[in-house]
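Labels run A, B, C and D following the written order; every chain starts at residue 1.
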């Protein structure tokens, strides 16, 4: 297993990565991106500390709902970059199960890659969303044929691809880019039906990074995002060669959507468990600040917190149900139930804004106007800031201020904005989640129940 | 086991029951109430048909989540009057487990009654909601002391009670009234801390019935409520004597709320599973009528049905979670998890109106303007009604009309109105369900998560 | 001006109207429909009592927003049948203004008809919604060409039409049927671009009636719908001849949608003002029952009523804005502003279900379980019903019971169901109202504001 | 009239103002606060450019709804610091009208101050929200008596006050602090019933500033907040002397709430017009980005934009209604109608989060992942960023990127978070707005309508 320090060194591999218009040559030492590199390094050390028989605790594939639940918790603890790596591995496992009859030739390279990745202990990010150009047209009908990643030339030993993949969290922090089609493809779009594993430092790969990391001098006012932030990668494949053994799909248009659906399932499971924990966290903050304000006993405050609790519980119920009804694939790996995963992900994302509104409504304007921690240290006003930020008599002004900063950081600043957007967009926007839920719902049973009620058929439940 | 016919005869026991200002002497033969008596009788025959070793299939107490799930389904199939009987029995089981240390003297009479009830194969309804008078005052502070059922005199062999219990579904169709305190009581309210089992035909018991049963000549326009309706009983205890062996609480104010909480749990489980099935039914109707109208492919129709599907799935996820996390009491009986049961019941009830709005929005005005089935038989206009009520070319006009009648009956007529109200009120109104959910949520863990995010404590999940 | 008695006699004109499978020969004497005839007759007498210089108070055409507001109030007071008559007249006025350049040949017959109608003092209902068959196909592409009303033969002195019009409130109670295209027509659909005024007793006209009127013996339990109910007409044109001077459109497909849009504006204005008053009424009922229950001071009750108040105020604000910004057409008639009318109608309809949920949540289960008024007169239980239905000590049991019956009748019984559906469907379903609002919103100005914010243009507001 | 340059010089008056732990001696030159000083200076120059007869265009008091509407627009254009100054002046006008009988001794000093302020052409900010300590206790029952601003000593020529005022937008940029009680006071709280005008540079005044201004090197990625941001002031009165002629309330507890209510009305009017414009802006952004993405014709996108349009229209309808029903006070000044102002402010704020969700759902993840403008200038990747950020073929990649930055800046970054919080909290949180709306609604009329419907009274509308 790699150590955190080894990981940091591994990033000096010639990769072409950019930030705010400048090329970044020293990722670990970069003023904005450096802290995310450190978090990824910490994840490596966490793995070693939690290793089982010298192996990553994430290595074993879950075979039932209970193991799946434990894995979800472990993955969350190990940090974002481990998370996306695990998601990539599980996506390949899921794909392998689903294409075993239709495109069996790719199972071997996938399995080989998984083994190698676990042996090298590398980090992988999943590259799915294309640039897309005019979204009303399919890949093959774009004015710019590069709007979707595609094969531009074919050689005996591999292919050359061109295009871009967007919103790739942590792309610059990993070693490999799991590049897969963003959607179903049709006949004539064979060049777009390409899935491959591409090293971050492959010639032609260029990554533009953006980050919600605070630019402030004093990160104490950012208790959450100050240390825990990740860059988003805009990954450009500017004619990149892919050798044959790293190609996992190559022209089989009928199988193109299997990758996205498989990844989507795992992304939504990660999203769902994140939303369940995130909802509990917002409940906790709402309750703490209500107590600090002396308002925890007010009827309208309690009503709002009760609504938040019900939301948090309902999202968790979906997580429970998708694990209870986990399904086991042909190679023995357990998958979360699609119906409950998607309905839960949708519900958590669709109501997240209301949760945020409740927290803002309960806490008060000091979310965005509380003094900085540094103000508490100023000899002229520090003691006055402490005095006037105090709430209930046993509540210290700085303690209460730190709660406000946490709420602001989580819900009303750069990181909070990133959350608002990505909660909705992860796994494809509310519309996509509605479609997938509908697809997995037993509509025939519902119709049979309706016909029975109308006296036009038998009740399918009796 | 009693047959349906024996059951009908058993109702001629001198009970004092009223409808629309008149005393009802022949319940089975009553023009409005008769159909509900027949449904209860059918429930008896269903029990015999489904009996296990000559015993009711409902008799065995579930000991884990899976048995609980099967029981919930069985109870639904056996009809409303069996349902409330089962709820009563399970409530007594739950109470017995909860008061075994605090009021053990009542366990023996409860157990004896359960045994007798199962032997006599009788039907029991639960009487909880009092008249309540001025709802801003507790039972002991009312101008009219009878606003809550209470003991008005005590004798060596029993007590005499006075008061009224409202919204008692099927009260006139059962044999015993399980009368319990509606809420917690305080010192000084000992006379109100009374729980007892009272025969429907006990002297002093008077029941005023109301019913949403259709009054129309032709019940074919009411495919749901035409046959499946139940009277609500306004049960008056006009100085009723209760012998000692039928008293299950008598003055122990600290135990008064145990009954309501125990019943509430079962009512909400019944409510939750009913809401889950009901939501699926509305999805089915929405889809069928959209297909009949030729609009099942319209984007905005699909969006609405997808929203309905997500709601139905989320409610069912709560049902799944409350069964997965079922708890087993001291006497071995399994109980649904309180947190998920209440959050699910709340969610199902709170959004039911929106589900109804979607069905009305999707289906169209013919819900309330479709011709009667009898119009299809009129020689002047029958063929024209059929012609013009047709939808997509393969959809017969009468079939489509029957769907509209079903939607109207279920959501936009007397029974639909009863549903709108009782979905909200069963188990105590949305406010009560918020309180109970909040009570069972792990707020301390949520607060610890929030403190950890603020850098003020350890994360309880790691 | 006609008296109520003269009006009743006028209905014996040979019309073919049906109810529950039977032909109705005596409308005023019909057990279900009779009460609606009486209401229409009362409307005639009201007109005489409020006549101005011997003319109907509704006759003058409003020329500005303030006159329009007064007219809206007057029309509401005069009853449903006057309402639809007024809407018909105003629709013709609006159409005349809109087609004066494109189809001027119809202005003369419309004006002549309006004059005649006012002179004869007749009642008119508007027939718009067709049977529609497969809603995914246009009128000209149906398997059954009669799915939309159309001309089946043309003669020198007129045309013969066939088809059906649905959801025609009060069709059997009026004298003329204002029959207009339900939507825009395209080239090739000339036969469907037909608008005409057709006497109810014209040969070939057949009307099937439905009604939410209570079928109960004792209408005292139906304080709203017991007397104030109207039949919905399913109007069939079974080859009906229309003379030339009663044809208002005949083949000009480009003008077909003008009628529906013009009627829609007035329907939505009527709907909007009805929703504003209806919302106030629900607020009042919620407050009265909360007071009667002794709960008007409870925080969560006050919160819910405040939400209802805000909804009622917002709907009324839209009504105010559509009158403030009334537009005056080429012939001097004032029209409500389309944008605010539609946005208000949508908002009022979309949130009506939530208002109903709040009333049900606040009031309690007695909405559907309160004893009948007749029960209060029964010597055995009447005094007990009164005693136990009492609320706060100064609140009589029968008074409180009447409030519950009013809430049930308005929101949780046949009339309440009719309201739920028609609030949504009047003016065409929520989807239609969204489209119309969007059409009248100044999207270009909003885009210019957005470009200015992006630094890509000038702010249009400065 | 003062010029922008004169204004900047006027800030060097010895004021004690702090930022991030440091005292700020040069406000115009401060790296973060400087841009807001410049905006305030620009506001001065705007006034001169728009002056009428050498006087500020804001000077005249509106006397009817139409003048009020024009003033609202002018005030918005003149910038935030002019806005709060105008609000302060109008608040004093409103207070003067309301206390003319109950505390007439303060009218003279208020009028004198208004005249002086207009002559000196100064800027005023309103200081209302106190530190509040334990919010469950009133000012007089706090452990720290300074939790609310109060008089700590009284002299013949004035009083000395102590306490803090929070969330004072632009406090450090004005010349005077209009300090008023935050709520109603009771007998015994006379020292807290203090209103006064206090110079920013008065000895003892200390202001801690916070700001959502971007800290990034390149402000081009912040098209909205890069230039248009304002600091929030945490204003401390550390024993500040107030001379008698600047005291506007001094111990008259019964009048304490008049100030807050008067200010609240103007704040909510400003809030309401800001929400109406802000909603239109979000509609415009949603439509522009949908067009750029090529998705403006997608049904679900159109549905979401239509919902946004309806929201924007409803908020504007409330603005229209509060102006149409403007009321004129005893001194001739026009005030917006309280009922519609509050209902509109509530509706706009309560649904703002949903509007933001729709924009995020429509636009996509590039809101938070689009490359920086600087990336477009990098020779390695600039052309690729432009290529892959292009949307519909006629949509340039940088144009589309700027739209994303605008959406992020407005809704998903520091300024967006500030908006989320302040939209809710301005004018006192959703709860406060519910209470005020309820207070101004005609509940008696609604109850009379309900009694009439129940057959228990006359309809008040007839």
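Just so we're on the same page, contacts are C-beta pairs under 8 Å (C-beta built on N, C-alpha and C of every residue); 3 or more make two chains touch, one makes a residue touch a chain.
Owing to the predicted nature of the structure, the values given are computational and were not obtained by experimental measurement.
*Asks:* Name the chain whose C-alpha centroid is most distant from the C-alpha centroid of chain B.
*Replies:* So the farthest one, by centre of C-alpha atoms, is D.
*Asks:* Would you say B-C or B-D is joined by more C-beta pairs in contact?
*Replies:* The comparison resolves to B-C.
*Asks:* Rounded to a whole Å, what is the gap between the Cα centroids of chain C and chain D?
*Replies:* Centre separation, chain C to chain D: 42 Å.
*Asks:* Rounded to a whole Å, what is the gap between the Cα centroids of chain B and chain D?
*Replies:* 50
*Asks:* Can you work out the whole-Å distance between the CA centroids of chain B and chain C?
*Replies:* Taking the average C-alpha coordinate of chain B and of chain C, the gap between them is 37 Å.
*Asks:* What positions in chain D touch 2 or more of the other chains?
*Replies:* If we look for residues of chain D contacting two or more partner chains, we find 298, 300, 303, 431.
*Asks:* Quick check on the complex: what are the chain D residues that touch chain A?
*Replies:* 16, 18, 20-23, 129, 131-137, 142-144, 146-147, 163-164, 166-167, 206, 208, 210, 212, 214-218, 232, 234, 236, 238, 293-295, 297-298, 300, 350, 353-354, 356-357, 360-361, 364-372, 374-375, 377-378, 380-381, 384-385, 387-393, 408, 411-414, 416-418, 420-422, 424-425, 429-431
*Asks:* Using the touch definition up top, name the residues of chain C that touch chain D in the complex.
*Replies:* Touch residues, chain C against chain D: 73, 76-77, 223-224, 277, 280-281, 283-285, 287-288, 302-303, 305-307, 309-310, 312-314, 316-318, 320-322, 324-325, 339-340, 343-344, 346-347, 399, 402-403, 405-406, 410, 431, 434-435, 437-438, 441, 443, 445-451, 453-456, 461-462.
*Asks:* Once bound in the complex, which stretches of chain A touch chain C?
*Replies:* 298-300, 303
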